[in-house]
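In what follows, structures are represented as structure tokens.
Two complexes, one shared chain (subunit A), two partners (subunit B, subunit C).
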Partner chain A sequence: MAAKVFMEALSPTMEEGRLVKWHKQEGDAVKVGETLAEVETDKAVMDLIARADGVLRQVAVTDGQTVPVGSVVAVIAAPGEDVSSPVTTPAAVTSVSGKRETGNVGLATTAAPVAVSPAQVVSGADATHVKASPLAKRMAKEAGVDLKLVTGSGPGGRVVRRDLETAGRVEKGEVRSVAASAAVQRSEPLPSPVSPVAARSGGAYEDVPLTQIRKTIAKRLATSLGPIPHFFLTTEVDMERAAEARDALNRQLGDRGKVSFNDIIVKATALALTKHRACNAWFQEDHIRYWNEVHLGMAVAVEDGLITPVIRNADLKPLLEIGQEAKQLADKARSRRLQPSEYTGATFSVSNLGMFDIDQFTAVINPPEAGIIAVGSIAPKPVVWDGQVVPRRRMRITMSCDHRVIDGATGAAFLRTLKEMLENPLAMLL
Partner chain B sequence: MPTLTYRDALNQALREEMQRDAYVFLMGEEVGVYQGAYKVSRGLLEEFGPTRVVDTPIAELGFAGIGVGAAMAGLRPVIEFMTWNFAVLALDQIVNSAAKLLYESGGQFPIPIVFRGPNGAALQLGAQHSQAWESWLSHIPGLKVVAPATPADAKGLLKSAIRDNNPVIVLEGEMLYNTKGEVPEGEYVVPIGRADVKRAGRDVTLICHSKTVAVALKAAEQLAEQEGVSAEVVDLRSLRPLDEAAITASVAKTNRAVVVEEGWPHCGIGAQVVDVIQREAFDHLDAPVLRVTQADVPMPYNRQLERLAKPSPDKVVAAARRVLYLD
Partner chain C sequence: MASQFDVIILGGGPAGYVAAIRAAQLGLSTAVVEKDKLGGVCVNIGCIPTKALLHSAYIAKLLREAKEFGVDAGLVKTDYGVAMQRSRRVSDQNSKGVEFLMKKNKITVVKGSGVLQPGRKVKVGSDSYEARKAVIIATGSRVKGLPQIGLEINKTTVISSDEALFLEKAPATLAIIGAGAVGMEFADIFSAFGTTVTLIEALPRILPLEDAEASEALAKSYKKRGIEVIAGAKVKKGTPAKDKVTLEVEANGATRKIEVAAVLMAAGRAVNTENIGLAECGVQVSERGFIKVDPGLQTTAPGYYAIGDVAGPPMLAHKGMREGVNVTELVAGKKPHAIRYDNVPSVTYCHPEVASIGLTEDQCKERKLEYVAGRFPFSANGRARGTGETEGFVKILRDKKYGEILGAHIVGGHASEIIHELAVARENEYTVEEVELAIHAHPTMSEAVAQAALDSLGRVVDM
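== the complex of A and B ==
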């Protein structure tokens, strides 16, 4: 019995995936657990694994093509098995996401047809949740039908069995036609995502389709600064003693490693959160989840976007371990090899642009977390110290708070503890 | 197969078991000389004599306790309550003695006793005499509870109950005693813990027991005639233990279910059945499971209000239409 190979949900928020490259070709023998292809999710490039033994047949998606989660991308059959019954054609959402469209002023007539965007296919404001009966969900999964493409006839638009049975034929027709039109416009697929930073091409502008990660960033951040009532608290921290502590530690460590300012900030933030649980929380619509564990998200810039890998139980880890883990996670993030478990579940986040010589900035909260701190550069400044104007290394941190969870005084109290710990690193031992 | 009334099927079961095992005896109000308030024990005093068919005073707690003591001493008592509404007075013996002695004696005292009698509403008996007690009794570990709907099941389950080494509650029905049905000839028993498909169907499962089996069968007929819907009627027969496999198998086939019972909605038998369905058949469900129960009020005495308070075929049809998304 032939087994269908589906585009699987390889991250918690993945709705579609781009098939970067097939590792197996049509006719190749495959075994359970072998990598069939690389798939770019909304966060990373992951392996699509064979779930049956047999021969790869009916490869329905080409390198570079993007299809919704649940689409059939191939079939694994026994050698010589008749698989003539057609595989459901996947709905190609965008033909080739890496494809660029270049526009020239005055040459509008040559504009290329626009690829079908998900927004045209998905109806309703909340595209991530589809109301469907458990049975309908199971049937859709088995048939490789995207439930978002099915109109529900049950209460509140719930998709029920009859919708898949009666609309099944119609739906498959639609899906096929979308795929067909997408196939016509497919040309010169690029094998890997490209930086949106365009080289000068001669045109007045350049349209670059959104990569998966940019789409996710767009969607996630639009659920933050718009709906979440942000407010911001800024404080300036004297970093002289932190700098002294860091230098002393690094002298002692020698070749065994280095402690960075960022490690100290991460550690201090985690410890301050243990004393201010009110800031270590998730807003969950009908309740607030106050976390007893501290998992710190750490914003990392990657080519074409950013991602926040998570340092788990950061309050419990020694500085050196935080430093090593932060580096490993950042490296993995930049090579897009982070596993979903490594970038989800943060209870609070830190964003540091100090290395870019930014004095101060505000960061956008990563929901459902209730707060994030934005860290500026450490620079010498003239300050009044014991009645004298002296140069001292100073740093500005700005906390963004979700006012539904954190009130002004609550956030200020947390920030004061953090400031105390950074200005007197020994306070971290208390 | 001969056709018998539910009352005569129970009578046969008692007679056969008393003939089979000299330790079996019947005790209760009016069971001897009067031959039972509903004539279930007709002819038994004559055949087995006053030591095995014992008339008692109107003292439910007392004769239930004597029964438990007799069971501890090795006899196999069948205690008849004139109705389960009166058995409330004996709950201490049923719940605290019969259900727990095996456990509390570390396995030394099995209590092979049967408590039986009519349960649920009849017609215009008022709030105090029209109650369905199955969810109370099924709640108790140490008790088994059966609620047969047909003469054949009544005979087979009462025989199983008498032979069981645990306390077994047999819930009969005043409105059931006169109903007729085919009963197999000769020796047979119905195992405790097995449901029975009373009507096979494809589109929706109607889960019921005791008097609501007739309600569900009528609803299934209406659904077939009026809507072209094929309803499957699953008679639970045993309420503790519950036949979870049969419930799951039927819902896996039809994808929708309506649970019908005589009792009140809150913490009812149907709530337990719905728990089984959501746990074991979640991925098969195409609609939330609905329940048809008695209205959540003391049973009205007024004839029309009483009719409206009870589960009816029309209410079951309406619920089935909703889970089928026909409305």
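== the complex of A and C ==
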């Protein structure tokens, strides 16, 4: 009985395939395991393998043609067999390995009326076989990570646990860290502080596979600026009094610690949010969750990415405590020791690029939060003050708002409160 | 002009000689500088001779229990001197074996104490040698006494393993200070040779680095054999006399005096980093005294590498041997598989044997890991019943979510051999399921591993 040749799902995400080139022509004898054709998937060019012995007949797809997965592209018939009326309905072909099942050597359960021997199954599965340790497979499955997109660092390119971990640290002793799925729950754009340095003697370019953290960042960001209707509000804040307050506080604190501008900005933002609950909210598809508690996300650049640890109840914490906690969280973030509970659940975020001498920028919202403040550098500028042009330390802050939650006036009101608090730190006491 | 080699290795112990052989295999011209016998502490005064003596002890134990098995060996007499002589022959054979391997691989062996000099040079006596690619420091470690409490090693009444391995006679009474692997093994040996042994450990339990259940099992077993075990004990003072030592030991809130014929110091080792020119070459040591190395085993001085005990814990021959392989591959520009320091098996060859890999249960708790402990006692294992080795168990700590083998602990006969199934599993990231899926021959001690794996999954069969 003739066996149909299907356009197979050669990658977990493949929906259609382009037949690049037939290796066998109509009438050629073919054997199980032989390459019939090259097929371009969404990821690579792969071989379409014969799953039956016989003669290739009824080639229905020509070189360069794209057809959906499951379409019949030809028939393998016994020599002399009458194949004048083959079934033409494209039968669905189960993906060789389902998206959440990657890593397991999936069986090609084709609907083809061919007795599939174990040997055939193996040859078919080889096309998508992923070398990975059993543990890595388990972790990838739980995390929904496609192992084929992971570069393996084990023997022979085998994907092992560390490839799935956010931690790229090579260190003596026991290193355990969270799985890729938990790596970055929140993200926003910052230039990667560490970009792979291509050797100068190398080629014109270097292809660096995406690390798991970078993939997650990409995925998360695409759900932000794309679907979320952003709008931006910028204001310039006079920081003279904040600077004076900070200096006075630090003089008083002496050895007990230091208050930074960032701590003051975090505290002021948290306090301003208590007065503008409309901005302290999550968009939840069918409802908006207005938060009574203020948990501030604080973007931290880490090696090859960023993460946003959360200062919980920032409105209730003294400045010094905010400072200490911010430092601890940032240190932990950099050494990749953050627990998921430490980087999830923010109600609003602050991103500060002032230290990089950025005057002003817009930050991308971390869904489901509805807003984020982007903080620029503090620099002296000539301003008109009491009718005179004088140099004063100024800082630009830009708020990104999710228009589904925050309207222009709502955001502006919040920003005005924040500006007032920073320009007159005593207002924080009100 | 100095003789030139690609690689010069300081120290011909397990780390050094393995590094030398791998270097030679990779086509590098190699020299090993060794002041004593090739094979180092391990072959000459460590792992190898103690294993010979432990087997003598095991035979004595078997013969004493033989009647029950239908073999009456009569009155069992032991002679430590004879056992010692045999252990020396075993060591010498092994040292000669290393010598042969050096010749076979065309490695130059320089006899003498090497001193590092800047510019990747090593001075041995008046001769100077220069390494084109790397100088590898593998000078190892040595026993140390506790002079601060009066227990400086005097080689007669206060001894270390160095002397214990050469005794002609087993002492009538012996106190062993330190119940790590060395202390445990000598307690086993001397007890079998008729010595009344008192084992003293400062930490709350013997084998303090092992899983608490392993410590407990061994404490029970030793007590049954008449070895006195005093854990959580502080030796306040030691007073050596001509033919005895008096110890003042504080334990359980009381101080008692213990008089013994000899004290064996088995509490820690000191690394050999003195007088080898480290500072002169810019090779820094850590606060704990180990040579500082980067993940590529290079010291703070470029071109100088350190491996084995001097490069940091665990101070185990097999860890040093693997570093020896990796360091030479790195020097040769290869990309070796990174050493997994969390996957170095630890073995104590006392009876019953103790072997472990990975985390202990307490460490799992400290790290707040979600785990399930699977256990299987050898008393429920057919093979163990047959051989009468029913002491001990296999314990596997399984990660609750992914099934990862977080740690494995074996107490029992041949534990040192059985552990490697779990070492291979962990190195390849098999979960408990893969371990259990492999068919284990029946009846074997190893079946207990599969059963412990099953137990961690809540479906143990044989219990």
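Just so it is clear, the second predicted complex is superposed on the first by the 230 of 430 C-alpha atoms of A that agree within 3 Å, B and C clash if a C-alpha of one lies under 4 Å from a C-alpha of the other, contacts with A are read in each partner's own complex, and residues count from 1 in each chain.
We take it that a residue touches a chain if its C-beta (ideal position, glycine included) is under 8 Å from a C-beta of that chain, and two chains touch if they have at least 3 such contacts.
Computed from a prediction, not measured in an experiment: that's the story for all the values here.
Peer 1: Could you look at A:G254 and tell me whether it touches subunit B, subunit C, both or neither (first, second, both, neither)?
Peer 2: After superposition on chain A, A:G254 lies in contact with neither partner.
Peer 1: After superposition on the shared chain, which partner residues are touched by A:G80: those of subunit B (first), subunit C (second), both, or neither?
Peer 2: neither
Peer 1: Regarding the shared-chain residue A:E142, is it in contact with subunit B (first), subunit C (second), both, or neither?
Peer 2: A:E142 contacts subunit C only, not subunit B.
Peer 1: Quick one: classify A:P134 as touching subunit B (first), subunit C (second), both or neither.
Peer 2: Both partners, subunit B and subunit C.
Peer 1: Regarding the shared-chain residue A:V160, is it in contact with subunit B (first), subunit C (second), both, or neither?
Peer 2: both
Peer 1: Tell me which of subunit B and subunit C touches more residues of subunit A.
Peer 2: Subunit A has more residues touched by C than by the other partner.
Peer 1: Is A:G33 contacted by the first partner subunit B, the second partner subunit C, both or neither?
Peer 2: After superposing on A, A:G33 lies clear of both subunit B and subunit C.
Peer 1: In the superposed arrangement, what residues of subunit A touch both subunit B and subunit C?
Peer 2: Residues 133-136, 138, 154-155, 160-161, which sit in both footprints.
Peer 1: Per the contact definition, I'd like the list of subunit B residues that touch subunit A in the complex.
Peer 2: 255, 282-287, 325
Peer 1: For subunit A, which residues are in contact with subunit B within the complex?
Peer 2: Those residues of subunit A that touch subunit B are 133-138, 153-155, 160-162.
Peer 1: Going by the contact rule at the top, pick out the subunit A residues touching subunit C in the complex.
Peer 2: 133-136, 138-139, 142, 154-155, 160-161, 170-176
Peer 1: Where on subunit C does subunit A make contact in their complex?
Peer 2: These residues of subunit C touch subunit A: 295, 312, 337-338, 341-342, 359, 363, 367, 369, 401-404, 428-431, 433-434.
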